[in-house]
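Below, chain A partners chain B and then partners chain C, in two separate complexes.
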Partner chain A sequence: MSRTKLNDLDPDFKNRVASQPGGEGIKACFACKACTAACPVEAVDKRYDPRKIIRMALLGMKSEVLGSDFIWLCSSCYGCSEVCPQNVRFTEVMFAIKNLAVAEACVPPGLTVQKELLKRHGRLYEVTEFENDKRAKQGLPPITEHPEDYAALLG
Partner chain B sequence: MRSFKALSWDGRPCPSSSGVGVLARHSRERKDKVDPMEALLYLGCTVPVRNLNYESSARLTARSLGITLHDHEKFGCCGFPLKSLKAEDTLVVAARNLALAENEGMEICALCNACAGTLTETAHVLDHHPDVKERVNTRLASVGLRYEGPVRVRHFMRLLWEEVGVEAIRESITRPLTDVVLAPHYGCHYLKPSELTAGFDSPDVPKTLAELISVTGAEAVDYPSLKDCCGGGVLGMSEEVANAMARKKLEDVSRTRAHALVLVCPFCNVMYEGQQKKIAKEAGLDLKVPVVYYPQVLGLALGISSKDLGFKLNRVKPKELLDIVEG
Partner chain C sequence: MKYALYLGCAIPIKYPGFEAATRLVCERLNVELVDLPFSCCPPPTSMKLVHYDSWLALAARNLCLAEEQGLDLLTLCSGCVNTLKEANHILKNSDSKRRRVNKFLEGHNHRFKGTIEVTHILDVLYQDTVVEKLLHEKVRDIPLRVGCHYGCHYFRPPKVMYPGELSDAESHVPVKMDHLLSIIGVEPTEYSRKFLCCGSPLGANMDQDAGYSITRQKLEYIHERNIQALSVVCPSCFEQFDMGQIVLARKTKEKRRIPTFYLTQLVGLALGLSPKDVGLDVHRIKPKKLLSGIDVA
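The block that comes next holds the complex of A and B.
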């Protein structure tokens, strides 16, 4: 990673995170690292470090945070939130950060595909006659798709 | 929409939906009078397409324990997949399902940990933040719905634990699973965040699944990675990371005497059953851990046949388990 120049920093970034729903707790972090110790993703991939993400965000390293691949690795297991002595609710902070990344057009393709599926089928997996036949064979009632509501709600 | 009638599984109209759905929304007394052993079954996206064994066994065991589960044909995705994109979209989509349940005057019973978590969280947010509720309701108006709340949401397991209870289950067991050994896996959203699951089970020392296993007559084993995250939430982003997360538990369980790993969530199933072969191959391991759903195990103990419980759909056959139980 190239060194961050001071004037690349965005001092307002932490406020933007804090103003997102779920992001409110970020400024309460006192860097104790309990979240990192509890994180199952960090345990298998050191690039992902909750405390480091918070430090970077608090320092204003906006483009490094929003443009990074690793913010998408959170499994939303709530392990960090449970152990945090400051009630930062880091799982929710991560959602706030990801929402900001999406607003800045830094979004992994897989996620937008899911939204399109919801608008088209109202569910992640299409239910065709094939699926309903399989269900009938198992004695289960058919599933009806209601994409119209999802399309209307998700614009 | 108003003409919709909720049907119970065997096609009987559900009592609160005989054209009075609109009334139910405005009538508190009505909601309170509904039999607590009745709920709307919330299948989510994955279970009704990929986990028919879970769905069948949940329906059959519920029925045999006196819980009446009704279908709502308008339920769709809970909204969890949208949360990384835009958290408010998740609230709106989840609230649509909550509003549908509210119109029926019934609580929701979910089979998936993520659905249960998302719907519970949304109800909690809307019930505590009137401003958010109004924003969400403004968007819901476009599909003719409104959420007043509260609507209760519980995981199927929580319904078993709180409404049926271990003692009543014990009395219903007709075929104790003596000599069967099982490894429980709770899953993250079953236990956390504790601000939503408080009063049900403890994220530090979970016990409900182990006790619900024990009541069938089987032995529930403890193992080092009991509380590990399955990694399912990362699979779409990095298969490598997700597989690395799931591997430890599969290895641990294969070293115990357990005949199967017992799940209550289709996300966890994607990792432990769906990815197992790949994980084993990548790691050069010989893993063959049968993965079953809790209601399948419970169903066996209630005397339901393995065929009806959909065991033929389990990818790694729990052969030893079924040999012990059905001979």
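The block that comes next holds the complex of A and C.
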């Protein structure tokens, strides 16, 4: 990672995270690293380190956090939340950070595609004759898509 | 006993066998299911990350559909139960969020009132009356060493998923699937890191390789205990184990393969349903040999 200039830091970033639903706990972290020890993703991919993400956010490294690819590696398994002695609820903090990243137009392509599918079909997989034939063979009634209200509510 | 059946996105399309098994098992165990025009939950691993308010409003819309019929909502997937239970919990407890969501829903003729509960097929089957009926209706045992995988979102965070049962516990070890399977003659087998993530959410968003590395680790622990089959209650976990073992074997040359079952498929077999009735023919790792070893054909 390149050197970070102090002037580029955003001291208000931690407050923005804390004001999002789920982000409230971030300032309680005392850096014990229990979250990192419990994280199954960190165990297989060192790019993702919960404690490091919290420290970066508290230091105000906004663009480094929101523009990174590692924040999207969280599997939201809640392993970190279970072991945290400070009740930071890091899984929820990650939801808050990712919502902020999306607001800054940093979204992995997979999620953009999912959103488009949801808008069009109201579900993650399109229902066609093929699917309903497959269902009929299993003795199941056909299903229909219900995209009504969905696009409007999805925003 | 009557529920609104919430199928979700994956099960009716990718794994109709799980749905068929569930419908047949519920019919036999006197659990009545009603179909309603639900749409995607939306999942805690995607839309919740993209836009929290939309996630909550869309979940509320699904909850309203069941509420308007006066029915509790029954889910078949760990992701769906997580979203819908959490949204129900948030909206029942926060006046400001409920007001906000109801403002969104106003234009679509819905209003969240907070009159129903959200439940999962495992919790429904675990009720006393259903278990009694199962003991009575059961026609054969399934004597296999089965490892249970619950799926993180089925039971975490416990404060939200089991608020009544656990007051303010931060961690919770689920046991219902192990107990339920022991009723049908299964030998539920413990293994290391039983509550480790399956790795599925990583594949959907970003990095399939990292996801499969977690799956591989979990499978190592499962092999250590000579487990013959896995039982899951979530289509995403199922796919991660069923498809994942095929994908992993291309790289690792691993010969051992463990068939995965959805919970109601195993219960269905014990109730005398055929492997085809419960859709076992679409599994990538075929359980045929394993089942013929215990005379289930």
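Here is the rule we go by: the second predicted complex is superposed on the first by the 154 of 155 C-alpha atoms of A that agree within 3 Å, B and C clash if a C-alpha of one lies under 4 Å from a C-alpha of the other, contacts with A are read in each partner's own complex, and residues count from 1 in each chain.
In this section, a residue touches a chain if its C-beta (ideal position, glycine included) is under 8 Å from a C-beta of that chain, and two chains touch if they have at least 3 such contacts.
Just so we're clear, the structure is a prediction, and the values are computed from it rather than from any experiment.
Trainee: Chain B versus chain C on the shared chain A, clash or fit?
Mentor: Pair status: clash.
Trainee: Just chain B (first), just chain C (second), both, or neither: which does A:Ala105 touch?
Mentor: In the superposed model, A:Ala105 contacts neither chain B nor chain C.
Trainee: With the two complexes superposed on chain A, say which partner A:Val41 touches: chain B (first), chain C (second), both, or neither.
Mentor: both
Trainee: Which holds for A:Tyr78: it touches chain B only (first), chain C only (second), both, or neither?
Mentor: So A:Tyr78 meets both chain B and chain C here.
Trainee: Looking at the overlay, does A:Leu118 come into contact with chain B only (first), chain C only (second), both, or neither?
Mentor: In the superposition, A:Leu118 touches chain B and chain C alike.
Trainee: Please report the chain A residues shared by its interface with chain B and its interface with chain C.
Mentor: Common to the two interfaces on chain A: residues 20-22, 40-41, 43-45, 72-79, 81-82, 89, 91, 95, 98-99, 102, 107-108, 110-111, 114-115, 118, 122-125, 127, 131, 134-135, 138-141, 143-146, 149-150, 152-154.
Trainee: Residues of chain C touching chain A in their complex?
Mentor: 7, 9-10, 12-14, 16-17, 19-20, 23, 35, 37-40, 42-54, 57-58, 61, 104-105, 107-108, 152-153, 156-157, 170-171, 196-197, 199-202, 204-207, 210-211, 213-214, 217, 277, 279
Trainee: Could you please specify the touching residues of chain A with respect to chain B in the complex?
Mentor: Chain A residues touching chain B: 20-22, 40-41, 43-45, 48, 72-79, 81-82, 89, 91, 95-96, 98-99, 102, 107-108, 110-112, 114-115, 118, 122-125, 127, 131, 134-135, 138-141, 143-146, 148-150, 152-154.
Trainee: State the interface residues of chain B toward chain A in the complex, per the touch definition above.
Mentor: 7, 9, 43, 45-46, 48-50, 52, 55-56, 59, 71, 73-74, 76-77, 81-89, 92-93, 96, 132, 139-140, 142-143, 188-189, 192-194, 203, 228-229, 231-234, 236-238, 241-242, 244-245, 308, 310
Trainee: Inside the complex, what are the residues of chain A that reach chain C?
Mentor: 20-22, 40-41, 43-45, 69, 72-79, 81-84, 87, 89, 91, 94-95, 98-99, 102, 107-108, 110-111, 114-115, 118, 122-125, 127, 131, 134-135, 138-141, 143-147, 149-150, 152-155
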